[in-house]
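In what follows, structures are represented as structure tokens.
Across the two complexes that follow, chain A remains constant while its partner is chain B and subsequently chain C.
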Partner chain A sequence: MTKYVYYPGCTLYTKARSLDQCARKAAEKVGFELTEMPSWNCCGAIYNATNDDLAAQVGSVRNLAKASQIGNKLVTLCAACHNVLKRVQNRLDAPGNEVQSERLKTFVDEEFVQPVRVLHYLEVLKQDIGFEAIKSKVVKPLAKLKVASYYGCLMVRPREVLEFDDPENPRVMDDLMRVLGAEPTRFDFKAECCGGYLVVNRRDVAKGASQKILDNAKEWGAEAIVTTCPLCQYNLDKLRATTDGCLPVFYFTQLLGVAVGLGQGELGLDHNSGDPVGFLKSKGLL
Partner chain B sequence: MATAYSSAELLDQIEALSGQAVSDCYQCGCCTSGCPIGEAMDPPPSKAIRLLQLGRAADLLDSDGIWMCASCMVCGTRCPRGVDYARIAEACRALILRSKLSRVDPDTVAAPELEEIPQQAFIAAFRKSSV
Partner chain C sequence: MDEAVNRQEKQRPRTGVFVCHCGINIAGTVKIPEVLERVGEMPGVAVTKDYKYCCSDPGQQMIRDSIKSDNLGRVVVACCSPTLHETTFRNACAEAGLNPYQCEIANIREQCAWVTEDKDKATEKATEIIRTTKAKVENDVPLEAITVPINKRALVIGAGIAGIQAALDIANAGFEVVLVEKEPSIGGHMAQLSETFPTLDCSQCILTPRTVETGRHPKIKLMTYSEVDGVSGYVGNFKVKIRQKARYVDFKTCTGCGACLEKCPGRTESRFERGLTKGKAIYRLLPQAVPNKPVIDAEACIYLQKGKCGNCAKVCPTGAIRYDDTDKYVEEEVGAIVLATGYELFDAARLGSYGFGLVPDVIDGLAFERLLSASGPTSGEVKRPSDGKVPKKVVFVQCAGSRDSTNGVPYCSKICCMYTAKQAILYKHRVHDGEATICYIDVRTPGKGFEEFYKRATDDGVTYIRGKPSKIFRRGDKTVVWAADTLAGRKVELEADLVVLATAVVANPDGVALARKLKTQIDAHGFMTEAHPKLRPVETLTAGYFLAGCGQGPKDIPETVAQASAAAAKVLAMFGNTRLTHSPTTAQVDEEICVGCGYCERTCAYEAVKVDPAKKKAVVNAALCEGCGACAVACPSGAMTHKNATKKAIFEMADSF
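On to the complex of A and B.
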């Protein structure tokens, strides 16, 4: 079984445990293993886009250096960690940025042993495992569940750095959902911003942005939404006025877990608002 | 914003910090029309850049709009001139924060919200908006 060095990040250890737990267990079902990187630290939570602020990059630089001492790939799951690590890596390697890069590397006092490629879990599934191989591991097809795949900002932008998918119409999660037996819906707001960290001090603005996303998913007939970002999941799931009759907002790893046969107790469904257990039962998935 | 700098000096600093040239913008408005926070953002991206083009950097630094940008990067992705407004807003915020004026005070976030909002959001909000 192929082993990958895995960077969970802070949020996946606490408020987004179900994203992490399902991912680790589902990985073993589809044929790879996530080995948690030892002594990792916070990635910095958000990328600092000013040209001169090196201190904000240090956390990620240290993680990348530590990872390079173990392997040449670092797997992420949280969209924010992925975005930050990938952009800091890009900044370190950017032509013309050698002086800053050297300063940062000297500061963290950790040796860079080899180039590290930051890979999202979805990229491992698609590129290394292959969706066809995953199809053969599906024991509980998702019963043509109509799923809107929500990518948000951090997985797809900036396009030239993330190199993940089409920033206007990403499809990786849609393709995965199809392989798992779900029916991906059209979704115009799949890469629109949920309001992100504005929830901290402008909850009203984040609520408005999130509601538009939910409304659009519903308009296209979605029965559920999947995402890979703890903050998107929170904003979509928790800012709405009521969860009665609303779309459940799952981590994609939860539906992956269902499809590859994880038990109800392994899905972390107590995290989601409303009645996710009842919903999945009504679809014959639990 | 109380500042010792002229608008021209502020513009120099904003361009240096953001790596963006405001004169590249031809005011098509693509950024503003695609901005998911646009209706709550005053001024929205294209107007903010226009203020800079007109030598009114100090007015932009005084505005609420630069704090509304969630760094979602839609504007920069779609800009036909390759101007990344998210970076310009970041530079404006940095100029203010470096003058020790926090926008979001960690001490005033309410307790129930501390319990439930993912910590990634807190660190992100404080990184973007606090000294």
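On to the complex of A and C.
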């Protein structure tokens, strides 16, 4: 079983525990193992990059250096962590950026043993495991559940650095959902802003942004939304909690977990608002 | 002085070196007086002169006079690239009695003056370029041009309006034309259009007389549903291999009655109707097609896929259906080839944020032409694809893909501003209470009557909003466009019933593949490259190939027709000669040395060298040889040499440096 160094990040220990739990267990089911790196620290996403670009990077430099002592591929799940780590990795490795790269490395005590590539969990599934192989591991197909895949901004942009998918029309999660037996719906707002941190001080703006996304998903007949970002999940799910008739918002790892046969207790559904258990039961998935 | 050296100096030909200033192109960087002084000291240089524009009449006269008065045996002209003026100066030398192949060009413009700003280094380099060229010219022997007969028959590839125009012009001058079209009938994209800007005359009305004339012309051999598979030979004497695709309908027996079309149950996406309606497995592009005989799309045909149905064969009154038809190959011999391969529209689905292929009421410009066209799927009534309702608010989006390097289309597609204005005007004519809004970046109207036409659109009540939309998506039965009004400085949300994308014009992928096969040059975007952007706009660098229409770059109908007539004129100018001259600077074999190993034959890209199996010696077909020199390099025994670029000449060039 291939082993990967795994960086969960703070949110996956708190609000987004279900994203983390399902991911670790589902990984074992589909054939790889996540080894959490010891004493990881903040990725740097909490620093405002326009105020302090350096502080936002140094945290990730240390994480990458520590990861390099265990392996050469570092797997992430949280869209924000992934974005920051990937961008820092890109800065360290970019040709012609050697001077800045060395300077950044002097801020941390840890030594780089080898170059580290930051991979999102979805990239591992697609590139290393392969969707066809995952298909063979599906024990509970998602019964044509109509799912809108929501990527948000951090997974796909900037395109040149993230190299993840088409930023205007990403498809990776849609393809995964299809493999799991769901029916990915058309969806115009895959990569529109959910409102992000504005939920803290401009709740009205965040709500408006999320509302548009949910409305469009419903427009295309979606029964549920999947996402990979804890903040997107929070914003969309929060709206669901306060508005009638909103769609359930799952982490993609939760639906992956359902499909590969994780038990109800392993899915972390108590973190989702509304009645996710009832919803999945109504679809014959629990 | 040593006597042997003295004798060598006496035998050394007298070389004249003429340095051109090219205005300030060369003289602005290269210090000409210094070059003249240093070149004048080189052994064998009898005279050095300079002039502001050597290619001008006084410049050429200076060279001619000097050849005579200074008794020159060789000439070096230090100027621009030989692709521009080698012929000019060689002709000038010939007029003065010097063999033209004893004149060489030292390129001190593109390869020296233009690539540096360092005047000292440029001067140094120019001197050395002249020095090595002088070493070459001293080795040049007099040569006679090869002449070959011309096959005065032309091939035109592509029968859109460009190919049709070129074919008619050549045929009407009395020469035979083979016109090859990959679709079952001719007319190209113009047959899909409704009315044409800026005069609003109906596309069909101006096109059909041409298609009919083409179809009936005694001098035009029309080969539809056919593709050029390969071309061998050389200018004046090409051999063309053409694949006639299986039609499954016997062309001679079919009367074009159309009975089969009614009974066919096979369904497929209609490319001609841009997916607005389903096509049938047996089809013709339009009722007025030339030739008006259907073909069967094998992939959609139930009989050819499953062996059942056979309706068309049952109803055909003349028994023309041939389910066992196969592709056939034919060969044609021609002297000139016009490439009129045309364009395609950029795949708007690549614009992820515009919803094309996702939101049903987002269509491209050609689809809207079909909606406007009287012969289209709605007989000219504007009805939107999702529910067939008449759209009361249409938003047109210009530059959908164009002028955006992130899509690989950094260029302007040139026709969209005008056809969008036209479509908006026509829409307003059809739907009187309808609203037409155009989102644009710039409106470009550089053509005769174009600005007036744009004014007419605004006078007719079309709303122009300056700003590129960021997002197009569905809300209920509406299609929403998020845009910006950059003149008012605010965001706008437009709720439309139908959105039309003016998608970028891209080179036809089949044309790109053909250009690669024929080894004619294409640019970074797949458009075929002309020999000179200003002075040789319809020729290519491969002799005998000419360009017409959008295969060379985006253009509208008048410009396409003008270019096609120009290409035809170039073909006719060629056909006005009895023989064509071919450069004699080709490969040659020393049969004494050649052992017939065949390395040269395998190396040659032009099929110009063959090993004679009886003699076991390589033979060069001088008419095919392009003089690239590859065989001379490959030859292990040194039997193959290149005329006027012998090993001796090249080593002396290297030694002189």
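Methods note: the second predicted complex is superposed on the first by the 272 of 286 C-alpha atoms of A that agree within 3 Å, B and C clash if a C-alpha of one lies under 4 Å from a C-alpha of the other, contacts with A are read in each partner's own complex, and residues count from 1 in each chain.
Here is the rule we go by: contacts are C-beta pairs under 8 Å (C-beta built on N, C-alpha and C of every residue); 3 or more make two chains touch, one makes a residue touch a chain.
Note that the coordinates shown come from a computational prediction; the quantities given were computed from them, not determined experimentally.
Counting only touches as set out at the top, which of chain B and chain C does A:P167 meet: first, second, both, neither?
After superposition on chain A, A:P167 lies in contact with both partners, chain B and chain C.
Quick check for you: in the superposed arrangement, does A:G208 touch first (chain B), second (chain C), both or neither?
So A:G208 only meets chain B here.
According to the stated criteria, A:P8 is in contact with first (chain B), second (chain C), both, or neither; which is it?
After superposition on chain A, A:P8 lies in contact with neither partner.
Let me test your reading of the model: by the given contact rule, A:R186 touches which partner, first (chain B), second (chain C), both or neither?
second
Of chain B and chain C, which one contacts the greater number of residues in chain A?
Between chain B and chain C, the winner on chain A residue contacts is B.
Is A:G257 touching anything from chain B or chain C once the two structures are fitted on A? First, second, both or neither.
neither
Once chain A of both complexes is superposed, is A:P158 in touch with chain B (first), chain C (second), both, or neither?
After superposing on A, A:P158 lies in contact with chain B but is clear of chain C.
Should A:G59 be classified as contacting the first partner (chain B), the second (chain C), both, or neither?
Neither: A:G59 stays clear of chain B and chain C.
Taking the superposition on A as described, I'd like to know which of chain B and chain C A:P230 touches: first, second, both or neither.
In the superposed model, A:P230 contacts chain B only, not chain C.
Please work out whether A:E219 is in contact with chain B alone, chain C alone, both, or neither, and reply first, second, both or neither.
So A:E219 only meets chain C here.
Just which bits of chain A does chain B share with chain C as contact spots?
Shared contact residues on chain A (touching chain B in one complex, chain C in the other): 167-168, 192.
Using the touch rule from the top, collect the residues of chain A that touch chain B in their complex.
Touch residues, chain A against chain B: 9-11, 14-16, 42, 44-53, 56, 78, 80, 152-153, 157-159, 167-168, 191-193, 195-205, 208-209, 212, 230-231, 234, 238.
What residues on chain B touch chain A, complex-wise?
On the chain B side, the touching residues are 16-19, 36-37, 39-40, 68, 70-74, 76-77, 84, 86-87, 90-91, 94, 103-104, 109, 113, 116-125, 127-129.
Which residues of chain C touch chain A once you look at their complex with the stated criterion?
Touching chain A from chain C are residues 351-353, 355, 358-359, 471-476.
Tell me, which parts of chain A touch chain C in their complex?
Those in contact with chain C are residues 166-169, 186, 188-189, 192, 215-216, 219-220.
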